[in-house]
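Take a look at the structure below.
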Amino acid sequence: MAAILRRREIPIALTAFFALYMMIVYHFDYPWFSENSQLTKDIQDFARILGIMALGLGYIAIVRLHGGYIARRVKHPQHWFWSLWLLIVLTITTIVGLPIGNFGMRSVQLQYVYNSILMPMRGAMYAVVAFYIASAAYRVFLARNKEAAVMLILASIMMLTNAPVGELLGEWVGATGSWLLTVPSMGGNRGLRICGALGSLVLAWRMITGRETGYLRGAVEGAGE
Amino acid sequence: MATIWDDLTLFLTVWGTLCVYSYTFKDNPFWKWGTNTLVGGYIAYSAISNIDYMAKNVINPMMTKVNWVHVAAILVGFLWYFRFWKKYYYLYRYALAISVGSGIGITLAKSVSSNIIKQVASTMLPLYGTGTLRGDFDNIVIVVSVLSVMTYFIFTIAHEGPVGKPIGWISKVGRWVLVITFGIDFGNVIAARMSLFIGTVKTLMLPQHQTLFAIIGTVIMIYLVGTELAKRRKVAPEITAP
Amino acid sequence: MAGIISGRIFSGLFLLISAIIVLAMIQYAKTRGARIHLRRLAALDAIDEAVARATETGRPVLQHGGSDPSGADTIANFSIMNYIARNCARRGTEFIVAARSISGLPVIREIVSGAYEAEGKLEEYDENRIIRFGSPEQFAFASFFMDTVATEKPAFTFMAGGLSGEALTLAETTVLHGSLLISGSSGQLAVMFAASDYFLISEELFVAGAYLSGDPLQMGSLAGEDYLKMILWVLGVIGVIMVIFGSKWLLDIMKL
Amino acid sequence: MAESIWTKMSKIDARWLFLFLWIVVLAPFIVSISLPMKISALTNQWYNYLNDMPDGSVVLWSWDVSFAGWSEMEASGVAVTKLLRKLMEERDFRIIMIGHRSECGPLPEIVLKDLGMHPDQTAEYGKKYCHLGYMAGGSVAMINFAKDIRSVMPVDWWGTPLDDLPVMDGINTIQDIDLCIYIESGGTAAITQWVIPYGTKLMLCSVQGNVPGQMPNLQAGLIKGMLGGLRGGAELEKLTGFLGVGNINITAFSSAHLVIMAFIVLANITFFIRRARREI
């Protein structure tokens, strides 16, 4: 039995069934096969709850990763003491967040956690890139060739359109910037959007027909801001 | 009456923000405190908010009326966690397969409609006769931009020969449209990242945070500059030695 | 036709046509792959020149290991990694991979050792020196990558696979240390386009991967995608002509 | 040959640039300078579309902003909530708030508390507005929500059943909602899951980085309005008269942009001079 379950054919068939069922039923409204039938609602409800149940994956992965760092007393990529501190914060936030006693999502204690830690630091983590844009603007964004020169000029016009100070230079700045945004850049972004959608369409057909099984290896890890 | 917790929140808000920003000076213990606190806190936070949703909207209503679809989904949902068990790793694939399959199923047909069909339909614009010269010109630029960028991403036709040559020219136009598009995108990326930075500076400059901002900022700067100079002085003597 | 929901017919038909064309092209690529001609991207010539330049200056070649191995960008990055690794092995140039994903490490080891073996230089394959693991966390990996660039001073750096907010930092550091930078990504397009010497814009990265790997699955997919693009291209032109002559017929059909 | 000044300039330590950026952004917070600001066409289009909605409309105020994106989107988040409250009081609008990511249970709660609309602060809660809280499940949840709201969200953020909230009377599916305003910092699935299948009218408040990518949808009519980032929020504040965070930050927004442009110009001058002197 285990040998059969270990093979990839069944998961691939499951992916194909759920994908094809929802995709085809979207187009039809027959009494026995309809987008609004109870059966379709139940299948979608099933997939929804199943998706939410994966809430612990990231949690356990972090605990295993940093637990391993502590167990092996690693120095690289960071000193294991920091991993210990990470797990402490993780535990405190979990205890404060679970609906035990007067703790929970809407408890004052959890508000202290996200008001004092999560909100300021998440914002700062994203904003660090603003510094790198500043230093890159000074050192890397050079008009090395025609394309880079045109790009920098247009970026400057867009910046002067966004920033109120740009209006001091005159009306033409805002007019040019919004024209560029709503006409050529819109056309270019539409071209990219169409080609991107075709790319994911082709990838989806490969996954449905079982020709692409990379996704079976693991959940996305290492994503960033 | 500000409790100890309110004061701690004020301190941690300023302290956390400056710890993250200390990374721009160099990798240092303040940064390590910040990033580890944030990763730990955020992972726990998103897990408990999903648990809270499940408790409130799925499990609580089941106390009165059992919904067997939800019960089945929760049971199958435990298959996710076989990912961490080497021996039965393959069971994890069943939950993943259903999740990925339904993700594709509910998006593909609608994405074709919104990202392909509607986009092409909205590009079918009259190239003249819109009444204003500006309107005609805009439509011409839109149609040319969209079609040339699509031509740029055609890879199975070489840019030689009777058919390939014109495709080559059109894709050169497409390349320039992309340069314009990236120029505009770039201007907006700068605005976005600057706004984030300004948002955090506004928080730091709130009346109740200003003094803390000055004190903590100075302490961190002294530490960073101090260790930097100390490192340089430690390195410098070897160079000057004969 | 009471059962078919209006407003979804045309997109449903396009979906069906896309399936037929793509799967047919993949099958065709498997049986008669040679017929599918992917035009050689200028970026591949740029990669050859860059590795040659690294050989002359005696400085190493550095490649970003990509992130999650099931991501499309990283899969294309793996094909290019094989190509660059073989190039370096053939010329005896030092090659370094800065890896970020734990689950990606075994795949990278397999690719690089396979490349050195294919060039008959397996004895020069020193895993600890070539494959260096940073950290899965975004900014921790960024500082690791920047330290590697500062110490190794690569002549040529290739970056693709899971680039996000920190990508600009990596690009800036490589350029500051005098390295030629070629990168590819399906996200962060504007910023990477401005910071790189040569940039593979989303689809181009996948084409480079397919061209180098010669994998019929990828070649067939790209051929199928191109046919769909041409269909839409022709549809667009016909639509514009008809609208000029005042006929909304095609637009109404597309709204079905 | 001693290093020329131009080579030295190109080798400046990045940290001096960072310090300069800090100073330039902090200055407007110390010395308040206010610059004239024109209302852009996009913001006018957004504002007019909302105002042209008939009295008694039901607005779904969807939140998809991360804690990080909140530093940028606070201006538009608060300004739009104030505007909706005014429309609720004057023109009998009904407002339903909902969150699409884990941060968007508490974020709307913080805004409600600041505006005195929190259930602990006022008995008005539930009459004409409510906050359903975080809806887990992403796109799949959005479909079930569209078909039957109560199957996905039987209770609101504080656990009150929807049937006890007068605002939810007669609202069962997405078709009962006249307009959805969606504030996002990481992209939206509302176009594919609500606009395409059900024709829901959708207006976006996006981070500035996503604005160009959404322009094709605006021109195609898939979204009815686009309010972009901090600048859009500040303009909406000026339009509605509810001055707030946007107008405090907008001056620093200008000075930060000036710094970036100065850096780009300086870098290119240095680059061209060094190339002319064969230093590169």
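What to note about this one:
Per-chain numbering from 1; labels A, B, C and D assigned in written order.
One rule holds in what follows: a contact is a pair of C-beta atoms (placed from the backbone, for glycine too) under 8 Å apart; a residue touches a chain by one contact, two chains touch by 3 or more.
Since the structure is predicted, the reported quantities are computational estimates derived from the model, not experimental observations.
Touching chain C and chain D at once are the following chains: A, B. Of all chain pairs, the one linked by the largest number of contacting C-beta pairs is A-B.
Among the remaining chains, C is positioned farthest from chain D, on the basis of C-alpha centroids. Centre to centre, using the average C-alpha position, chain A and chain B are separated by 6 Å.
Chain C has its Cα centroid 19 Å from the Cα centroid of chain A. For the pair chain A and chain D, the distance between mean C-alpha positions equals 18 Å.
The set of chain A residues touching two or more other chains comprises 23, 26-27, 44-45, 47-49, 51-52, 55, 78, 105, 114, 118-119, 122-123, 125-131, 133, 135, 137, 139-141, 144, 151-152, 155-156, 159, 162-163, 181, 185-186, 189-190, 192-196, 198, 201, 215, 218, 225. Multi-chain contact residues, meaning those touching two or more other chains, occur in chain B at positions 23-24, 35, 39, 45-46, 49-50, 52-54, 102, 106, 108-113, 116, 119-123, 142-143, 146-147, 150, 153, 178, 181-186, 188-191, 193-194, 196-197, 199-200, 203. Residue numbers of chain C whose C-beta contacts span two or more other chains: 8, 12, 15, 18, 137, 139-140, 189, 191, 193-194, 203, 229, 232. The part of chain B that touches chain C in the complex is made up of residues 23, 27, 35, 39, 108-110, 112-113, 116-117, 120-121, 123-129, 143, 146-147, 150-151, 153-159, 178, 181-183, 185-186, 189. By the touch criterion given at the top, residues 5-6, 8, 10-12, 14-23, 26-27, 42-62, 64, 78-79, 82-83, 85-91, 93-94, 97-99, 104-105, 108, 110, 112-131, 133, 137, 147, 150-159, 161-163, 177, 179-181, 183-198, 200-201, 204, 207-208, 215-216, 218-219 of chain A touch chain B in their complex.
Only residues 8, 10-12, 14-15, 18, 36-39, 137, 139-140, 143, 189-191, 193-194, 201, 203-204, 207, 222-223, 226, 229-230, 232-233, 235-237, 239-240, 242-244, 250-251, 254-255 of chain C touch chain B when the two sit together in their complex. Chain C makes touch with chain A in their complex at residues 2-5, 8-9, 12, 15, 18-19, 22-23, 26, 67-72, 75, 100-103, 133-141, 144, 162, 164-166, 168-169, 171-172, 175-176, 186, 189, 191, 193-195, 197, 202-203, 206, 217, 221, 224-225, 228-229, 232.
Chain B makes touch with chain D in their complex at residues 24-25, 45-46, 49-50, 52-54, 56-57, 60-61, 102-103, 106-107, 110-111, 113-114, 118-119, 121-122, 142, 181, 184-185, 188-203, 205.
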